[in-house]
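Just below is one structure, and these are the notes that go with it.
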Amino acid sequence: MILRIDRLQTELPPPSDPDPVGASAVQELLGGKFGEMSTFMNYTYQSFNFRNRQGARPFYDLLASIAAEEFGHIELVTTAINTMLTGAADGKPGEAGDLSGVKGTRNTQQFIAGGAGAMVQDSMGKPWNGDYVFSSGDLLEDLTHNFFLETGARNNKLKVYEMVDHPAARALTGYLLVRGGVHQVAYARAIEKLTGADLMKMFPSPRIPTEKIPECQPHIKRCEHLKLYRFSPDDFQEIAAVFNGPHPETGEDLEIAEEVQPEGAPPFDLPPQPAVFAPGPEPEEIAKIAAKLRKAAGLPKEPTGVVANNGKGVAGKVKDAVS
Amino acid sequence: MILRIDRLQTELPPPSDPDPVGASAVQELLGGKFGEMSTFMNYTYQSFNFRNRQGARPFYDLLASIAAEEFGHIELVTTAINTMLTGAADGKPGEAGDLSGVKGTRNTQQFIAGGAGAMVQDSMGKPWNGDYVFSSGDLLEDLTHNFFLETGARNNKLKVYEMVDHPAARALTGYLLVRGGVHQVAYARAIEKLTGADLMKMFPSPRIPTEKIPECQPHIKRCEHLKLYRFSPDDFQEIAAVFNGPHPETGEDLEIAEEVQPEGAPPFDLPPQPAVFAPGPEPEEIAKIAAKLRKAAGLPKEPTGVVANNGKGVAGKVKDAVS
Amino acid sequence: MILRIDRLQTELPPPSDPDPVGASAVQELLGGKFGEMSTFMNYTYQSFNFRNRQGARPFYDLLASIAAEEFGHIELVTTAINTMLTGAADGKPGEAGDLSGVKGTRNTQQFIAGGAGAMVQDSMGKPWNGDYVFSSGDLLEDLTHNFFLETGARNNKLKVYEMVDHPAARALTGYLLVRGGVHQVAYARAIEKLTGADLMKMFPSPRIPTEKIPECQPHIKRCEHLKLYRFSPDDFQEIAAVFNGPHPETGEDLEIAEEVQPEGAPPFDLPPQPAVFAPGPEPEEIAKIAAKLRKAAGLPKEPTGVVANNGKGVAGKVKDAVS
Amino acid sequence: MILRIDRLQTELPPPSDPDPVGASAVQELLGGKFGEMSTFMNYTYQSFNFRNRQGARPFYDLLASIAAEEFGHIELVTTAINTMLTGAADGKPGEAGDLSGVKGTRNTQQFIAGGAGAMVQDSMGKPWNGDYVFSSGDLLEDLTHNFFLETGARNNKLKVYEMVDHPAARALTGYLLVRGGVHQVAYARAIEKLTGADLMKMFPSPRIPTEKIPECQPHIKRCEHLKLYRFSPDDFQEIAAVFNGPHPETGEDLEIAEEVQPEGAPPFDLPPQPAVFAPGPEPEEIAKIAAKLRKAAGLPKEPTGVVANNGKGVAGKVKDAVS
Amino acid sequence: MILRIDRLQTELPPPSDPDPVGASAVQELLGGKFGEMSTFMNYTYQSFNFRNRQGARPFYDLLASIAAEEFGHIELVTTAINTMLTGAADGKPGEAGDLSGVKGTRNTQQFIAGGAGAMVQDSMGKPWNGDYVFSSGDLLEDLTHNFFLETGARNNKLKVYEMVDHPAARALTGYLLVRGGVHQVAYARAIEKLTGADLMKMFPSPRIPTEKIPECQPHIKRCEHLKLYRFSPDDFQEIAAVFNGPHPETGEDLEIAEEVQPEGAPPFDLPPQPAVFAPGPEPEEIAKIAAKLRKAAGLPKEPTGVVANNGKGVAGKVKDAVS
Amino acid sequence: MILRIDRLQTELPPPSDPDPVGASAVQELLGGKFGEMSTFMNYTYQSFNFRNRQGARPFYDLLASIAAEEFGHIELVTTAINTMLTGAADGKPGEAGDLSGVKGTRNTQQFIAGGAGAMVQDSMGKPWNGDYVFSSGDLLEDLTHNFFLETGARNNKLKVYEMVDHPAARALTGYLLVRGGVHQVAYARAIEKLTGADLMKMFPSPRIPTEKIPECQPHIKRCEHLKLYRFSPDDFQEIAAVFNGPHPETGEDLEIAEEVQPEGAPPFDLPPQPAVFAPGPEPEEIAKIAAKLRKAAGLPKEPTGVVANNGKGVAGKVKDAVS
């Protein structure tokens, strides 16, 4: 089972100019064959289906802890998409023409099915599906798959980075390239440990050094390209048995983070988009009801949740940005 | 982001007689339109896409904490399926006829694609897909959907309960009916709080009282039908503002659990199934490598993971059971 | 728009021995590429999308009226499937083991998703989809498609006839072969009228004379193999301009029926199946409520609907049949 | 079975400026998860699969009659799309560049697969499929689903209304919002009658009053927001037992229409689009053949079909509009 | 089995101005229901599944040899798409903004999943799938299907011709219209031989003479509209028994080519697109390795492959064209 | 383009006892994610999409020639399936009960859609689709994929070998394991050549030596585990630059075959199955027409095609086998 911490694994910029077409492209990193839904679900099911866990504990722990990190990645991609969509559906609910600005966008369902929100789809609007999960039960084969999956994921992130200029997309890909790179190394190392085969000369794959990407630099400085987190209060202690030795690109030592998980950052509380009824045509009515319920339950007057823009709001900024 | 705890939310029985045909049917509860992948992913994406969280905090907290619980449910269903498949693929790797016993089973991919393991599919072998996620951004509508989804999920669980006699399937549905019932109530109550509409007379839906099911009784005794957990170290404090009042069937008071999450139980370490190469054609080789790696990393000699059958093994039991 | 008449286009036998595996096969005739959903939807959308209707009126009328008949065919196939499923899910709601008899059936979703009811799927459980609709807007091409579609449909019906012995399946295919044959001729004739090409020597296709099938005989005797109905109170008068001349197999004259639609037969009121909650775990409660509502609305005490087993019930028969 | 009446349930404007990108968005209301294919097929199959009809007659009648109305809705959405596409594919058949104007449109298959015609797809080009049909056989659950489906459908219509300015799209959504609202009320009322639960405070959902939409006003004036039609010459008399009481938004009395169906309006006969071969590269050749066939069959010289632009033609108008 | 000849069946123009939106549309001819994947796979599987081949040899030979030709057609469509994409992803690997020019293109996966390369998809990005293969085993029915398939394919080619102005698309459709026309005739003739039915008056279908298309003229001049090739060193001698008689449009005699296959033309060696890592971020590194490997293996210093631009390169041209 | 040779790459046994359930499982090797459609199409499209071919010629040649071999593999799997289905649909066309023996088989569409023939589907009846093709344009990444694909394919073949006892399935998997093993080595070697990484210790993967399988022995004896064929009259000379060095399991030298392609064997001419109309309800009628056409075309009286059972027939054998 899991516990959820209401923070993002890394900070993303607040909404600025909306970029719905860019947000359609970023969907590839969420619901594409090589998107984060795939990494999250592949490792999660491989860990669920893992037989003889005690006998192969270091490998089980590796899969399970990386799986847990990937939840944070679907959260990040979704957040970036939502950030990019903020402001694109301005206007009043139920008014003709309000959404005419996005009539020609590439993913209309972000607005018609969603409320200026991410879909569980790829960049062509096709839904992610369970066929993208490979879980053969054969440890060596699952690891081979995972190394390939991370390679494909790195490819897609690099291209979305090249394609979409929005600050949220840039920050997102900068972070994911670093963390995905760690997972790519982890699986390569696991194959090495299991077979003796040396995959290190395959790095970087694609053959573009991560450090070349400016948006990766801050994370590299914090050594995020070297660390694996356990993402568990007590479990998955044995990842250290697999994830060690030199980094194939930099030669620095790989390490297990002392902290259970990255500190991360509180999410921005994205502003309502009444024209798409998110969180409803009349958000303030909901807020009133919420306040009343909070009071009746003996909770503090102010919301207890921590968000990046507590008391400040991003709505105003957004308005400026789009006008 | 999440932390993962390597325990099941409830205890399931160890492998006994394998039941691959039954395991095919149980897949509906995993990858079906109303399976746990759907509940997990719906609430997760609704929480990711939630706008104006501070303004609607109690509702956001409700979605996010139930979403976290649902991860535990996909884990449970997968575990039940794997338990039911254990022993069905006995035999030696690479030997003709080893799998002839499951040639006619309803989900051959559990053996050909998987290693006697669960697929991300429904009972007809169709993959779960992102079209099953409804995330409109409109709070009232999302809640309406969720109430309907839980109703459909309860229907499917009841029927799988009626259909599959295997102890793992029975224990699974017994637990999920109780917890799903709590979520059904939670969403109905959330709609009430938001609109004033009274949905309580719709319970139970389908119109079969949960307490009528023997396998639900132990959980009802532990008041699991009344409690919501936060599933977070610090967050989601405001679920109490929505989840309160009398239970629609029993009249007892709904409550927020004091513990962050249920204590649960350690998973069984399911035995290798060499005929399907899980975790490989030669599991003992992997174990040897793992022991060596553990030693090299300065870890304890014995695996650090906690499993229900530490030191005892279920393999023997299984062998007895199937012979 | 349409009006609905609550009668079947032909009589089908009442439930007898249930045959869920057979019912899985019959699904091909409903949701398969060449099933009745395809014929219904193809001709319906071709008529909706028809440009220059006045200029090509006889052809438009032909498509529109055949489309209307096809609604009756999806109704018939569904009814046959439901008839075959009746009795397969006997037992009390919520009781373990009730559905164990169908755990291994080929379409478990008829029981888990449905209430011993038809799915919008083919014989492998794949959903019918809009890609099966061909509507090019080019009249000659649409007709070419339709002739091919009816040929494929005839093939599938013949094979299901050979495969499934259940009386409902036999009666169903007997009727559909006759009526599908009429449509096959109609489209061939339309192509002839439009181009001068002579397709008559392609009959029968597949090369099995319809009259060879015993279950077709009663319908042939009533000349159902020669007639086209308008299926409209006032419209589609011009089908006579296309559908005329000799029948390619028998040489008899094709004709337009004087009646707007076949007289048909009232449907059997299929008995409840409480184990799958159809129409609910406690059908009699629903009946009581219905009676109360009827009274409050000033309606007759007895249900106004006409069913084949008014006052008699098939439930008893079914019970006899399955024991 | 059905009879088809060759009229639209409401009048739509004739072709004007073509809007293929808008027509791509409107597809969501046809083949999307919450489009009219879904409402039509859900209620149709629920009625086909309905067990114990006599015992639950008022509910059966409700489903069956609303299902019949929904056929008219797929007809209307298709017509609106076709209207919006008219003029976008001007030019001569087989001439290079003729379709270059729509090379970048969002649904190229409306032109490549279709003849400037609607597809059975959603706004992203994904085909409608049978998984969108929910037919559990459990009356209460089917009704719960239907209430949710209508809520989602209302959401989608409102957003398409906001997104697409074309007169046909506006008129379409104006009408469908009113009629969909009636169905939403009908299902809520049916749940109330069955359980006693009060859902009326959930209206309007989404929380935008229908009367706020200018394009809904004419239909509200004709009380179309209060009426249910039987859509059958003789059947479905018992809808009155369910559909009664006050309208949740206006307090006016719900009523059963005296007429079997709305009077509606004859369809426009949309002009040929030779560049996409609809109804063929040389429409006038087809017209000549049709005239000859009509004569040979002893039919009147003029086409017998009634269309809105009999003798007048919209082709000219269209030409004006697009130039 | 097959042998592969590294030549295109006809010459296509070198890259010029890139046209990614046009390339999205051309995908319909590759992965659409009526694209070349469908023709290739339909005839291939029909030949594999053909029973009683000796008894029906001329027909088997016809299917098998046309199937072989269709491989060349998927190669041609892919080549045209790749030609049209060349130059659209100019820039350096890993540099932000490099792909911003194609952020809004209709098939983003050509760049994110592919390397400025074709996808196995239709013009809406939906993958080709095996449901598009019709292989009933009934010869007459398979032929009926094939005639219809070729008719639909001709329709789609004509429309793509009208829609996409790029020289590669024009040359492609010009050639395919001629060769597809031959196959359409071949299947019609096969039906005639088998049944006596006369389909010749259905030509041309759609009713646009092939000779009207300027890009078809050169191929017609070389009598490519009259010839069938065996596409086999020794087999498929009996196609002459079916493919003979007059061409339905021109009256000229159909004939079997003396050559086994068309001479065709060497392919252009399309230039690297480093921004999408094709064939890698650093193509020259790969070239160096290749040279070294060639040397080590005792192969000639220069590449042995024959390409249209040997020693000249198209990269320069492309650069000119796009600037 | 390709030339087709009407021979199988290896001999398969003639029909014996039919095994339709086994044939359903073997479908995984045809249309599954790791089936031969995937290997064929992946390498084919990678070769089509290959940029800078001259610069990377040895790798291009490798992909193109292996792609050509894979056509032979889809042919072999299809043939095995058809062999296993022969005799399962005995009986007369159009006679009730003829197909009742396969009513419960796992892939009913092999009989309803096909004529006792293979479908382009996996073992669960899901169609193969273009999403299974990975063609990134990045050579290193494509090779990484291909190595993984062959590993997954080997896994699936081993399991189908274990699962299905039919002689055709055994012979099939025996051959494909050997040839797939060669491709797995080829791609690993290509990665080594490109990066220097040593993957040889990953063999065998799954960790079951090929030589352990009795059905592989005859092919190993003929050194089929060491050879790569060019599969082209003149092209693909440079595969020798990549495919060389010692075999990772046996240490023997890898080699390029002197022959262009394996000699293979003529296919059995599978007998008609009239109950499923293959090649028609009256095969002898077709044979008569064929004979007449052959004569009219001046062809030899006897069929010119070469089949394994020329003049002998397998029909009789089959009859014996099944009775």
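Order as written gives the chain letters A, B, C, D, E and F; numbering starts at 1 within each chain.
Just so we're on the same page, a residue touches a chain if its C-beta (ideal position, glycine included) is under 8 Å from a C-beta of that chain, and two chains touch if they have at least 3 such contacts.
In this text the structure is predicted, and so the values were computed from the model without any measurement.
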Identified repeat of the A-B interface (over half of residue pairs identical), from C-D, A-F or A-E: C-D
Superposing rotation of chain B relative to chain C, computed on C-alpha atoms, to nearest 5°: 120
Comparison of B-F and E-F by number of C-beta pairs in contact, larger one: E-F
Cα-centroid distance, chain D relative to chain E, in whole angstrom: 40
Gap in Å, rounded to a whole number, between the CA centres of chain F and chain D: 49
Multi-partner residues of chain A (at least 2 other chains): 33, 106, 113, 121, 124-126, 131, 134, 136, 138, 140-141, 155, 206-207, 276-277, 280-281
Listing of all chain pairs that touch each other, if any do: A-B, A-D, A-E, A-F, B-C, B-D, B-F, C-D, C-E, C-F, D-E, E-F
Touching residues (chain side chain C, partner chain F) in the complex: 21-22, 24-25, 28, 32-34, 106, 122-126, 155-156, 158-165, 170, 206-208, 212-214
In the complex, chain F residues that touch chain E: 1-9, 31, 37, 41, 44-45, 48-61, 64-65, 67-69, 71-72, 74-75, 78-79, 82, 113-121, 127-131, 133, 135-141, 193-194, 231-238, 240-242, 244, 260-262, 264, 267, 269-273, 276-281, 283-284, 286-287, 289-290, 293-294, 296-299, 303-305, 307, 310
Chain C to chain B touching residues, read off their complex: 91, 93-100, 102-104, 106-109, 111-113, 121, 124-126, 275-277, 280-282, 285
Touching residues on chain D, where the partner in the complex is chain B: 33, 131, 134, 136, 138, 140-141, 144-145, 147-148, 151-152, 155, 191, 195-202, 205-207
